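A, B, C and D label the chains in the order they appear, each numbered from 1.
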Amino acid sequence: MTEPTILHQKINLPYRYTAGDFHKAFLYGLANRRIVGSRCPACLTVAVPARPFCPECSAHSGETMDMKPKGTLETWSTATIQGVTRTYGLIRIRGADTVMLHIVDAEPSTLQVGMELVPRWSPEPVPEITAIAAFIPT
Amino acid sequence: MGRVAIVGVGQSVHARDRNDVAYAELLLEAIDEALADAGIGLADVDNAVTASLDFYDGRTIANMAVADVVGSYLKPESRICSDGIGALLYGWARIADGAHQVGLVTAHCKESEGNLATIEGAAFDPFVQRRLGADADVVAGLGARQIYASGAFSPTDAAALVVAARAASAVNSKVTTLEPMTIAEVLDAPRLATPLGVFDRAPNRDGSCAMILATEEVARDLSDSPVWIAGVGTATGKYWADRHPADLSALDRARDSAVAMTGWGTDVPDLFEVSAQYAHQLCQFATRLGAQLTEAGRTLNPSGGWHAGNPVTVSGLSRVTECVHQLRGHAGPRQLHDAQRALAHGVAGLGAQSHFVAALEVGD
Amino acid sequence: MDRGCHPEGVGAVSPTPPIDSSLRLEYVADFEYSYAAGEFASRFMNALRTQARIQGTRCEACSKVLVPPRPVCGLCLERTAEWVDVGPGGVITGYTVVEVPFIDPMTGIKRPIPYGFAFVRLDGADTNIYHFLEESRHDKISIGMRITAVFKPAPERDGTLADIIHFRAEEPAADD
Amino acid sequence: MGRNAAIVAVGQTDHVSRRLDVSIPEMVREAVDRCLGSKDLNPGQIDAVVVGNMELFEGINFPELWMASAIGAAGKPLFKLNNGGTVGASVAVAAAHLVASGLYDVVLGIGYEKQSEGETQSAITTVGDPAWERSVMAGAIGNFGVMASTYVAESGVTAEQAAKVAVKARRYACLNPHAHVQRPDITVEEVLASRMLAAPLRLLDMCPSSDGACAVVTAAPDRAREMTPRPAWVAATETAHDTQFMGDSPKRLARMRSLVAASDSVYSKAGIVDPRAELDVAEVYEPATYAELAMYESLRFCDWGEGGSLIDEGVTLMEGELPVNPSGGVLSTNPVGATALIRVAEAALQVMGEAGEHQIPGVETALATGYGGNAWTEAVILKGSAP
């Protein structure tokens, strides 16, 4: 039998994702060093990041709201992905009923559930999740 | 609705780097075995439902690659982009409603061919998550810490399931035999995504699975002891970041809707084949389905389960396949005494968002 | 959780965001795959790379020679058995000239236009393959036209269908 | 054994080149809200959701799980299909089977694509096998160009006849508020003068690239009758594929064998002997002008080689014997994952008598088809009375 042929190929494609009003509010908020959430007019769930539909009841979100730029750590995990070691956390912004994924910049052994974290803003004021470089302990 | 049976099952050898075969050839191994098991030819099949994922297969409309081997020329083939039990459910519906008589259900995947971190990365929310560069292991690690913190299960419970799965791999000819391992070795292994270690995730595998479904009339003609699909169910939970990992309402609903079709009442099935890519999830899902973790390797995942080595998408049908072998009494060294009823479970998505359950039984 | 009261930590309600400007997040998928070509493609590619031979497989049931070669004849649902040399000559069974550019996902860059693109039935084959034509002038191409494969030089061949650069007319087109 | 299923509600976005005002989940939700709103249904009445989309077109893996809450599917059975352009019709067929089997009473089917967010022509090139067609693919357009050339050679159809299809589509699109390309003043001369993309296909011979979504509710008989006065009953469905490799089907478009097989099957199941006489309207998946003419033949609306004559004689115009694509068709609107579901949805609107300005009077029997993958077909017959 012939030696198996392995085809090393790439799928290399550009994409561009249009943010609707609520993601726009959140991302432009980050660029202005603000954390923006949204509230469900039906069940009053507060979601951070802001989003167009309630994660609890699927209703259209109502108003957006500015949140205090601090939160608590609910869980974390340290992993090495594509050669980069990082600690990721799920952070509950104060007043939010949801958690958000971000990078936690702290020695993992010092992390505790419920500890307070604040954003360390990136020097670049971009409308991207990376406008927060990481969350850090207060 | 008409009664539907499984009259043939087949699997490829599941192994790391099946680079001796292309997708279609890999799937053909399973289809050949399933057809031989049923005692029919591909021409006898009147419809196919396949399960596969474009990102893993590395091509768009990836079911095109298997059109010939599933025999879909001028015939129906439909494709579910999720766990194979989703395809089984749809294949069941196409026969239960009287539209078809003999169906082929397949799943295939080669985890070794793509870069899993980028493939899994594409499942993250593109607005507020994807740029952070996480992968499915991180989602599992975040969840595992919460599960362990709740006290429901410990890393030792999870490690014990990994140990049992590795031991079971030695008596499952369709998977690569894994090195036996102790609980301590699993716990002390290098970390994957804390608190999870590298053996908490099922091994990277290539493989396929196929089965033949038939109406009651055809099934009785082909077999003295068809395995009946007594119930099917599925549900999808909230997106991973919006759902606490202890929220298993989607699994509950999938199980409840499958069991409600069976008439089993509150009787506990004789056998549970449960899918979970991460060991702590296996503790959760198996317990929630009603299995005893201490029975791992016996009435819980006698096949070894996903941790004995199946690819994503295929695990669910591999679980069904083991149930079929057990219910027929053809499970060889793994055979349970007098198994009559079984639950097979499949799962898909970041943080196990979608659950699928098939209830299987033998007897009239 | 009491959702009836104003949640703690919430500051001033921000104004409705501007909807006149859109925000689009860029993302470049860069997926790397190591596709196993499998038994049939491996054998085909090896013959193409080392000997510039093009091969198909014959279905035992219907006797059709199938290119690309494959394990199962999709029409008969039977295994193929025999390997058969086909081409390098053949006929055009359908064609176009592509004049619209798009990104080649294998390279991430746009292919130059225009280029001839055809259904080619190789001599000895019963199926067609898609491939490029050397000719990109529409009025110089026709169905039934005889063409032949132009191979890359042996050292440059890497065992893909692109080892055939394109197909060239057996009879050169008269210049206008 | 199985029970009947009927389409009771339809909703679509207004399809355009670029929806820069909404994200993918918001766009899909818009179709869902319109669909449920059209019959005053609420999300709590939906038992299961089926979604059709091509993941690589938008680059999102498991998109249905990402948008589960947005489409009201969280906590429910949720299925994702992907089989190319046919997928929207596959969604409708899956919904019908899931209902007919008795498993679910009410199923929401969704198809969508936001083509502006990716590179569809490039992504579709990855449909080719990495060992075979991929390195020599030329997107959907190159493929269609070759297919059209074989059809022209086979049937002698002319560019003018094809252009008449383009004119019909874009004019009827003006009667459909959701249609993308609406050109009331389009002429045959304009089509023939438009830019050549892949001969014989010119710009105006091709379907556009659209952002859009479509949603359809399918229900069991008792529920259907509660939800709407005149449901569109699913009288017959069929799926037929061609083989794995594109070069296997000798002529592809001309005498498209999967379309012949699938349409013959649904005609037979629905008791239709002469489709031209017995169908009241057809919504066919025509990716290019030439394809519609070729499909007339495979669908047995006319004899082989007579597709061009059919458009010349006006048979498929709205006032003709068998109107084809009064919605404007794929030539006017093409959000790929939604496109074939729109065919089914438009056929359902015709049967329900809700098609508005492009309503054909008195539709009792309608055909919808999906086309995609390697010349695959999905065919559905809807009727005004329960089978």
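Just so we're on the same page, a residue touches a chain if its C-beta (ideal position, glycine included) is under 8 Å from a C-beta of that chain, and two chains touch if they have at least 3 such contacts.
Predicted model only: the values in this text are computed from it and were never measured.
Student: Tell me which has more C-beta contacts between its two chains, B-C or A-B.
Tutor: Of B-C and A-B, more C-beta pairs in contact link A-B.
Student: Give, as an integer number of Å, the spacing between the C-alpha centres of chain B and chain A.
Tutor: Here chain A and chain B have centroids separated by 31 Å.
Student: State, to the nearest whole Å, the distance from the C-alpha centre of chain A to the C-alpha centre of chain D.
Tutor: Using C-alpha averages as centres, the distance is 38 Å.
Student: How many angstrom lie between the CA centroids of chain C and chain D, rounded to a whole number?
Tutor: The answer is 25 Å.
Student: Would you please write down the residue numbers of chain B that are in contact with two or more other chains?
Tutor: Correct list: 19-20, 22, 24, 55, 58, 67-69, 73, 119, 122, 126-127, 238-239, 242.
Student: Of all the residues in chain C, which ones touch at least 2 other chains?
Tutor: Where chain C meets two or more other chains at a single residue, that happens at 19, 22, 24-25, 27, 29-39, 41, 45, 70, 74-75, 103, 105-106, 160.
Student: Which chain A residues reach two or more other chains?
Tutor: In chain A, residues 4-7, 9, 11, 13-19, 21, 23, 27, 55-56, 128 touch at least two other chains, as defined above.
Student: Could you tell me which shape the graph of touching chains takes: line, ring, star, complete or other?
Tutor: It is complete, because no pair of chains fails to touch.
Student: For chain D, which residues count as touching chain C in their complex?
Tutor: 20-21, 59, 117, 119, 121-123, 125-126, 129-139, 141-143, 145-150, 153, 195-201, 243-248, 250-252
Student: Using the touch rule from the top, collect the residues of chain A that touch chain D in their complex.
Tutor: Residues of chain A touching chain D: 5, 7, 9, 11, 13-21, 23, 52-56, 58.
Student: Across the complex, what residues on chain C touch chain B?
Tutor: Contacts found on chain C: 25, 27, 29-41, 70-75, 77.
Student: Please output the residues of chain B touching chain A within their complex, sorted ascending.
Tutor: Chain B residues touching chain A: 19-20, 58, 117, 124, 126-129, 131-135, 137-138, 140-146, 149, 191-196, 238-239, 241-242.
Student: Any idea which chain D residues touch chain B in the complex?
Tutor: On the chain D side, the touching residues are 1-3, 23, 54-57, 59-62, 64-66, 68-69, 73-84, 90, 93-94, 97-98, 100-103, 123-124, 126-131, 134, 237-244, 257-258, 261, 372-374.
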